[in-house]
Structures are given as C-alpha cells and as structure tokens.
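Each of the next two complexes has chain A plus one other chain: chain B in the first, chain C in the second.
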Partner chain A sequence: MLKVQNIKKHYHVRKWPDEAKTIRALDGVSFHLQMGRTLGVVGESGCGKSTLARTLLHLELPTSGEVLWENQTIANIGEQNYRKNIQMIFQDPYNSLNPRKRAIDIVSAPLQVNTNLSKQEILDRALDILLKVGIASTEAYKYPHMYSGGQRQRLGIARALILGPKAVICDEPVSALDVSIQAQVLNLLLDLQETLGLSYIFISHDLGVVNHVSDDIMVMYLGKAVEQGPKEEIMQAPKHPYTRALWASSPSLDRAKTKDVLALGELPSPMNPPSGCSYHKRCPHADLLCKEKAPALMPYGKTLVACHYTEKLN
Partner chain B sequence: MLLDVQNLTITFNTKTGPLTAVRNLSFQMEMGETLGVVGESGCGKSITNLAIMGLLPPQAVTSATHLSLEGKNLLSLNEREWQCLRGKDVAMIFQDPMSALNPCYSVGDQLIETLLVHAEMSRSDAALESLNLMEQVGIPAPKERLKAYPHELSGGMAQRVMIAMAISSNPKLLIADEPTTALDVTIQDQILRLLKDIQEKRQMSLMLVTHDLGVVAQNTDRIQVMYAGEVVEAGLTQDVIHHSTHPYTFGLLAGHPDARKSGERNHKSRLPSIQGMVPNLRQRPKGCQFHPRCSFAQDTCRLEAPQLTVTPGISRATRCYYPLNRGEGRTDQC
Partner chain C sequence: MELEQAKELTPQTPFQEFYQSFALNKGAVIGLAVLLFFIAVGISSPFLAPYDPTQLFDGAYRLPPFFSSGGNTKFLLGTDDVGRDILSRLIHGTALSLGVGIMIVVVSLVLGTIFGLLAGYFGKSVDRTVMRFTDIVMALPSTLLAIVVAAILGPGLVNAVWAVSIVAIPNYIRLVRALVMAEKKRAYVMAAQAYGAGHIRIMVSEILPNCTAPIIVQATLGLSEGILNAAALGFLGLGAQPPTPEWGTMLADARPFLENSPWMVTFPGLCILLVVLALNLVGDGLRDALDPRLKR
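What follows is the complex of A and B.
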C-alpha cells in the first residue's frame, strides 16, 4: 500500500563560524507497508524516526527517493488527497491539542476542511468517532485541559481517524502516558486496527510496546535502517550488534541483567557521523573494515541486516 | 537503620482546600540497600523525596510520628541544619539533568562549589577532587569537560555530572528521582550500571524512584508500590514482581508489554489493563483508594480503608482486604 524507496532527507545547516554542514537525518530508508499491518520503528533519539514520520506525511519533502501510495507518487495523487489516506498521532497529548477549542471542534476540524458535509453530518460523524475511541457524547464539549492524559490521547486518535485514513503514523503514542493508561491506549489502537483495517507505522523507543503491536520491525541508527524484517525473527534472534545491544539494555521484568555492556559510548552527532559503518565506534566487534566501508543492507535469513560480519556473528 | 519514616503525612493548603499528597507513609531503609519506589504520576513519590530532603514549599504541612536519618531527627531541624545535611548525608539526582544544572556556570565550577560548601578544602584541592570525581563517573576526557558548559554535554554526560556532584561529599543516602527517564535505553543501561557500581564501592543506600517496572525489577533489592499517596504493596523485588498480591500491582504487571513475554502472549492480544484513572486527591474515594478501579472490590473495600498488613515471617506488606493468592503468580486474567 505504502511503498518507500530509498528515501533521503538531508538538512543543510550553517552555524557561525563553522562551515555549512549537511545533516543526513534520513539516509536511504526503504520499506513496504501492507494493508492492515503494523511496522514498528525503533531507535534512539536522533536516529531519524521523527524525520521519517514527517517525510511520510509530506510535511518535509524528501531530498531524494520516493514515497508511493498505491503505486502512485504523491505529486500524482495530490497532497490533500494523500493526507486523507495517511494521518498522524502525536507523542505529547498536552501540546498537540489546541487549548482554546473544545474536543468536538478539534475532532471535526478535518471534516470542515476536507469535505462538503453539512454541519449536522459533521457533528454526527465527530460524535461517532469520539464514541469509538471511548469518549461519550456528554463528554465531547469540554476543553482539552479538562481531560486526563489518556483521554487527550484518545482525542488525538479520534482526530487522526475522522477522515477515514488507511494508514496512521503513531509517533511515540504512549510514552507520555502513565503505565496503567498505556495499556488502555495500546488496546484501543489494536481494537481500531482490527475494526477499521488500519495500517500503522508505530514509532517508539520502548521495545516492549513495539514488540506487542508490530508485525514487522525496522531498527534505525543515524538515519539508516540497520536491521529490518518480520517481528518474530528480529525479537527472538536479533542479528545486528546494535539491535542486540538495544535488546539487552531494555529493562525487563523477567530477565536478569546481562553482565557486559553491549553498546559503548553514546550516539554520535548526525552532523559529524563516523566514517564507514556508523555504529563502529560503539560496536565491540568492529575492526578496520567497519571503519572504512559502510555495510549495505543485505538479506540474511528472513531479515535484512547492515553489517559486514553478520555471518560470523551468527 | 539508615532512614526511618513513620506515619508521614504531607498536606498542601491550597485555595480550594487541603490536599493530602501523602498519607501515613511508613518505611525504613537499611545501609547499602536499594529501594525501588514505583507509582504513577501524582502518587506522592517525589513529594516524599522532597520531604526527606527538607525541600518542601512553605504551604506544605508535614507531620510524622518519626522521621530520622541515622538516628538524627529530621522533624526538628531548622534551615541551617538542613543545609548541613542536604547534599552531605542525603543527595539527590533529578530526572532532567539539563534543567538541574546551571546553564551559566561551567561544569567544573558547579562541582567545585558543591565540594567547597561541604568540606573545608582549598580551591585547588577541590579542582583536583572534581577531576577525580569526573573520572569516577566515567566521563571521557574529564579535564576538558570540566571547562564545558551544560549545553555542550549530551543528556547522558550531564546525568553523569549530576551523579558526580551528588556523590561528591559521600552521602549515605542517594535519592535518584527518575534518573534515566529522559535518556535512551543504551544510555539508561550505562547510567544504571554506574549507579550500582558507585553504590557498591561506597556502601551507599540508593532510593530509585521510577515508573518503569523493568528498571525496578533489574536494579533493586526491595520495592514499594505507591498509589494515591499510600504504599499499597512492599516487599522483596523478585517476590513482588512474580507474586504480587495487591490488585493494583498485579494489574500494572499484567499490563506491562514486556519484550520477553512475546512467546507466551498471542500476537496483538489485548493487554489486561486497569480501567479508569488515578483518583483526584481533592476528592478521594471513600474506603480503599483503589476500589473504583479494582475488579475484585467488595462492599468492605468501598466503606473502610484497609491497613497495610505485614505478612509475618517474610518482609511483605499489602494494603488490601482480599489479597490475591500468593501461589497464583502472575497470570493474564486481571
């Protein structure tokens, strides 16, 4: 349905007195999103997850590469039509809702802009979608500050769904919520996917959450995918050293801590990425080849891995 | 015993009436142990810490039958005595290292200031000591980093500096209030390892406050679960995680989308979730604070608040009339 081919987004920044530099926020990412499936995107801050979301929505134009919707370019479909098909849920339910508008107005705004429906029809549809996300019609006339965090995120979901999109980009939809509310919102997202046949691109840094909702997973590091493939493969047998480090360092209820630190140091600045494999400075297995040559994303088993030593390490 | 808190109650006098943020909180901490405090926002975790640090705002009314650190009564201290204690015997690390550091002074200046406040030493000795501390917390090129300003550091590095400042005067108790929430997982792992390492070397007690159950499960000896300003369950970490008896703890754990549980759970199955939300502290429910959200609630729960009952023999306490069976373990049927 949504096909992304070798998409790149470079920003040029000039900070006095330095020379102008290029930030490769996205550096060649490709994937397919099929109907009714969920692609989980995992990575640390600064790895390009949010740039990916913005580029997919055409809020940022890609430097190169192509986003195809049902095999057509966005230029062909038209931006407005494209955005009816793909919508976004934001991370922070406190900042993404206009504090001066009532819930019902927030949710019906997309219909006012995009359709020629009568006022009554718009109201009916808005109330209907609010009910679907668990907000009763008696609750619909309040202002955002009168709702709790979980309810606000439900409003954000309702606003994203009102135009009947086929794909929804969820950018860290539960990370700003309390633990007991997270489960409620995740369940809602899963219910909606089932009833409306939605596809999700689910961006998160929480591996537990991504694992729970995804069909496929893409692990990103400094603007590139280092490993992508079906969830079971990646979760049970991570192949790239970075994926392994992420998995090992994510806290777990049932598993004791591993002895060794798997990722050394910190994420390098995207302004100044290391030569060769961008992970080599943090990788315990890196050698000269990694320093000089960037590995390509190659198929290994059912997954794609970008590492020179995939076979040796597995 | 290092820290002894008995019946701590903290009330704020607000325009709309009194608000009790913490109610009858009692707990102890031994030397060298790690206590995890878990709870949702607004459950009183941070307020309790501020009370132990003596940092509550003036409109807060604190009362307790006993509040002592190493036998020293904290209730009768005046501001001057607090200043001697704060940073020396108890130190704290905050959630956001970037806003906890002063942006106008270099990291070195801030470290030296901390050292000079609590110990009598010359400025040059303090400078040497600060270099030493920077090395201990694993900052690469510490000499250059001492001259750096907070905005020049990454989040992980800034948190390391915060840790260096906190341990500079050898505190007996270190309170870490969500120390890794603002950090990435690989950095979180490094910081938690660093804290553990320092704690072992210095025989320090650590109070780890967090909402992340995974972090608590892997890094603490004992755990205390808070809800609406009360402790609802306390005990040894592994015991509480694997055999929770309070419905709230049970629900939190069951709803945790843990990466490792994927095999047992069906693909995209619904997570068992706790319904509703945390009560408004101005309009607390009658009886058990958790009863409006509890699927096991009976009439007794709605009428009278349960007490924290300590199970004899094992160090385990639950605030529930109908605790779940200990043998039942963690299942997905909440």
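What follows is the complex of A and C.
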C-alpha cells in the first residue's frame, strides 16, 4: 500500500564561519507498509524518526527517492488525496491540540478543510468519531486543558482518523502518558486497527510497546535502517550489533543480562557521521573493514541486515 | 438538547477565569471605572455640555473657575482667552481624544499584526524585509518621526492619527512576530499542516488566537501612548486645528497664559493624565489576568 523507496533527506546547514555542511537526516530508507499491518520504527533520538514522519506526511520533500501510495507517486494522486490517506498522531498531547479551540472544533477542522459537507454533517461525523475513541458527546465541548492526558491523546487520535485515512503515523503516541493510561491508549489503537483496517507506522523507543503492536520492525541508526524484518525474528534473534545493544539496554525479565554487547560511547552527530559503517565507532566487533566501507542492507534469513559480519556473528 | 446539556456541563470558560483574576486587581478596576466614566461622558457629550464648544461669550475672557475669586457659576471651569466655556470644550474633547486614541490603536494594531504574522510565520526573506523596516522606524525618535510624518501629510486630526500610528506599528510587529515564532513550533501547527490546512487558515485560526493576550495588553497600553502622542502633535499645532476642542490643542492654545490663567492648562492636562493613568492601570491588570505565569 505505502511504498517507500530509498528516500533521502539532506539538510544544508550553514553556520558562519564554518563551511556549509550537509546533515543526512534520512540516508536511504526503504520499506513497504501493507494494508492492516504495523511497522515499528525503533531508534535513538536523532536517528531520523521524526524526519521520516514529516517526509511521509509530505511536509518535507525528500531530497531523493520516492514515496508511493498504491504504486502511484504523490504528484500523481494529488496532495489532497494523499493527505486523506495518511495522517499522524503526535507524541505530546499537550502540544498537539490548540488550547484555544474546543475539542469538537479541533476534531472537525480536517473535515472543514478537506470536504464540502454541511455544518450539521461535520458535527455528526465529529461526534461519531469522538464516540469511537471513547469521548462522549456531552464531553465534546470542552477546551483541551480540561481533559486528562489520556483523553487528550484520544482527541489526537480522533483528529487523525476523521478523514478516514488508511495509514496512520504514530509518533511515540504513548510515551508522554502515565503507564496506567498507556495500555488503554494502545488497546484503543489496536481496536481501531481491527475495526477500521488501519495500517500503522509506529515510531517508538519503548521496545515493549513496539513488540506489542508491530508486525514488522525497522531499526534505524543515523538516518539508515540497520535491520528490518518480521517482528518475531528481530525480537527473538537480533542480528545487527546495534539491535542487540538496544535490546540489551532495555530491561527484561526473560533475557539474561549481557554487558558485552552494549554500545560504546555516545551517538555521533549526524553532521559529522563516521566513515564506513556509521556504527563502527561504538561497535564491539568493528575492525578495519567497518571503518572503510559502509555495509549494504543484505538479506539474512528472513530479515535485512546492514553489517559486514552478519554471518560471523550469528 | 444534547448540545445545551453539554454547554451546561462546561466548567469555567477562559473568560470567567479572566474576569475573576481581573476583579481581584483593585487598581485595574478603578482604572476601568474612570475609563468607563470618560467613555460615558464622550458618548453623551452633546447633552452633557452646557454650551456649544465653539460659542464665544463676549466680555467673559479668561474667567477663573467658580471656586476661586472672580469665578462665576455660569462657567464652572472658567473660560479661555476668547471666551469659550472650558467645561463644554473638555466634554466635547473627550470623544475626540478617546476616538483619536482608538483610531491610532486600530490602525497600528491591524497593520502591525498583519506584518508581524507574516514575518513570524514565513520567516526568511519576508521576516528580514519586515524587520529591517521596523528597525529603521525604531531607530528614529518616535515623537520626532511623528512630527516629520505629520509635517509631510500636513496638519489635521486624520493625518495626526496616521503619523502616530506609523510610529506605533513596529511595537506590534515585534511583539506579534515573537509570539508567532514561538507558537509556530508547536505540534498543533504541524497537525494542521498534516491535514492540509492552508497558510492563511493556520495563521489566522490556529496561531493568532494563541497570541491574543499580549496583543490586547499592548493595545491597551498603546491607547494611552496614542492619546499622549496625538495630544503632543496637537500641542505643536500639527494635530487637530482650532477651534476643534481636542485636549492637546487646548493645551497649546493655553500656553501663552500659563502664568496668568493656570486653569486653562490645568483642566485639559488633568483629563489627559487621568485617562492615560486609567488606561495604564487597566493594561497592567489585563496583563496580570491574561498571563498565566503571573497568576497567583
């Protein structure tokens, strides 16, 4: 349904007196999102997750590469039609709702922009979608600050769904919520996926959450996918040293604690990425080859891995 | 039915919250009362004033107010050098001076908000162009610039309004631009972009409502400044022309008689002082009530 082919997004930053530099926020990412499936996107902050979301929403044009919707380019199907098909749920429900508008106005705004429905029809649809996300029509006329965090995130979900999109980008939709509310919102997302047949691109750094919702997982590092494939494979047998490091750093009851796979040092600046494999400075297995040559994303078993020593390490 | 019920359940609206916070500020309430008094006087001036403001009374030149020796209860606040009743002139001048202030605020507020919004929202070259213009205006002393503009346009009340407005515009541009730049980064703007809202919709219906509080405060304080500047132009002879009973012009006319007939400057000056003071108190109260950081 949504096909992303080798998209790159480079920003040129010029800060006097330094020379102009290129930030490779996205450096060749490809995936294929199928109807009704969920792609989990995992990575540290600064790995290009947000740029990916902005590019997919067509708020940023990719430097190169193609975003295809049902095998058509966005230019072909028209920006407005594309927007009806892909919407976004934001991380911070305090920031993503306009504090001066009532819930009902926030939720019906996408219809006002994109359709020619009458006021009554828009109101009916907005109340309907609010009911679907669990907000009663008697509650619909309040301002955002009168709702709890979980309810606000429900409003954000209602706003994303009112145009009837087929794909929804969830940018850490539960990371700003209390743990007790996270489960409610996640289950709501899963229920909606089932009833409406939605596809999700689920961006998160919480591996437990990603494991719970995803069908496929893509692990990103400095604008590149280092490993992608079906959830079971990646969760149970991570191949790439970075994936292993991520997995090892998250607390778990099932896995034994392993210190030797952890990443060394800090995430390098995307303005000045290391030569060769971008992970080689932090990888415990790196050698000269890694320093000189960037590995390509190669199939290994059911997954794709970008490492020179996949076979040796597994 | 359902709709009404929902509205009843709604807790404090932002307005109620604001009202409670404003009512606690005594200075602001007094200022508002004084202001309302002047507005009422301004509206009812044709009925309130004992005489026509331009009527000349033969032989009643520079009469002192009724409470001092030589005063006359026929002219409560005395008469000026050509025998016009000062009280009537003040009452008629109220509407004029307040109206001038409001005109100045409306003109500078509308233009300043539009340019500030454009500069803050689009940034880059639009921002640079607008901000260099404001820098140029702000680099010149404001009164001097108003005098220059008024001199170019020619004396008169309407031209004085334009002159003072142009001087006041940069304040609004800078304020609105800063607010818009902060507001633009918030996620609800990106959400609006994501569902395809146009630039104008995002600027006017998403960003601008979140910038209103500081703009209202600036407008209130700008009103007092506008009245003062208009009065200053009137004093210099570039504003309202005699015999128009504008407060600043009355001051200017009374200047030669400052030592012999001090009441001629006292009363118009007092009116300007009271209105400006009341406006500043109200403006401070508005700022306290609208800024959540200053709330107790």
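Basically, the second predicted complex is superposed on the first by the 306 of 314 C-alpha atoms of A that agree within 3 Å, B and C clash if a C-alpha of one lies under 4 Å from a C-alpha of the other, contacts with A are read in each partner's own complex, and residues count from 1 in each chain.
The rule we apply is simple: a residue touches a chain if its C-beta (ideal position, glycine included) is under 8 Å from a C-beta of that chain, and two chains touch if they have at least 3 such contacts.
Here the structure is a predicted model, which means the values were calculated and not measured.
Engineer: Just from the overlay, do chain B and chain C fit on chain A, or is there a clash?
Structural biologist: fit
Engineer: Centred on chain A, what angle do chain B and chain C make, from Cα centres, as a multiple of 10°?
Structural biologist: The C-alpha centres give an angle of about 80 degrees at chain A.
Engineer: Is A:A140 contacted by the first partner chain B, the second partner chain C, both or neither?
Structural biologist: second
Engineer: Applying the document's definition of touch, where does A:Q184 land relative to chain B and chain C: first, second, both, or neither?
Structural biologist: Once the two structures are laid over each other on A, A:Q184 reaches chain B alone.
Engineer: By the touch definition at the top of the document, which applies to A:S45: first (chain B), second (chain C), both, or neither?
Structural biologist: First partner only, chain B.
Engineer: Between chain B and chain C, whom does A:S250 touch in the aligned arrangement: first, second, both, or neither?
Structural biologist: A:S250 sits against chain B, while chain C stays out of touch.
Engineer: Under the stated touch criterion, name the partner, chain B or chain C, that contacts more residues in chain A.
Structural biologist: Higher number of touched chain A residues: B.
Engineer: For A:G150 in the superposed arrangement: first (chain B), second (chain C), both or neither?
Structural biologist: A:G150 sits against chain B, while chain C stays out of touch.
Engineer: For A:N211, select first, second, both or neither according to whether it touches chain B, chain C, the two together, or no partner.
Structural biologist: first
Engineer: After superposing the two complexes on chain A, what is the shortest C-alpha distance between chain B and chain C, in Å?
Structural biologist: Closest C-alpha pair between chain B and chain C: 8 Å.
Engineer: Spell out the part of chain C that touches chain A in their complex, as residue ranges.
Structural biologist: Touching chain A from chain C are residues 2-3, 5-7, 9-11, 14, 186-188, 190-198, 201, 206, 209-210.
Engineer: Using the touch definition up top, name the residues of chain B that touch chain A in the complex.
Structural biologist: Residues in contact with chain A: 40-41, 140, 154, 156-157, 184-190, 193, 211-215, 217-219, 241, 251-253, 255-263, 265, 268, 270-275, 277-278.
Engineer: Within the complex, which stretch of chain A touches chain B?
Structural biologist: 44-45, 148, 150, 178-184, 186-187, 190-191, 193, 205-209, 211-213, 232, 235-236, 245-257, 261-263, 265-267, 282
Engineer: Sort out for me which residues of chain A touch chain C in the complex.
Structural biologist: 54, 57, 59, 79-80, 83, 87-88, 90-92, 95-101, 109-110, 113-114, 137-143, 146, 156, 159, 163
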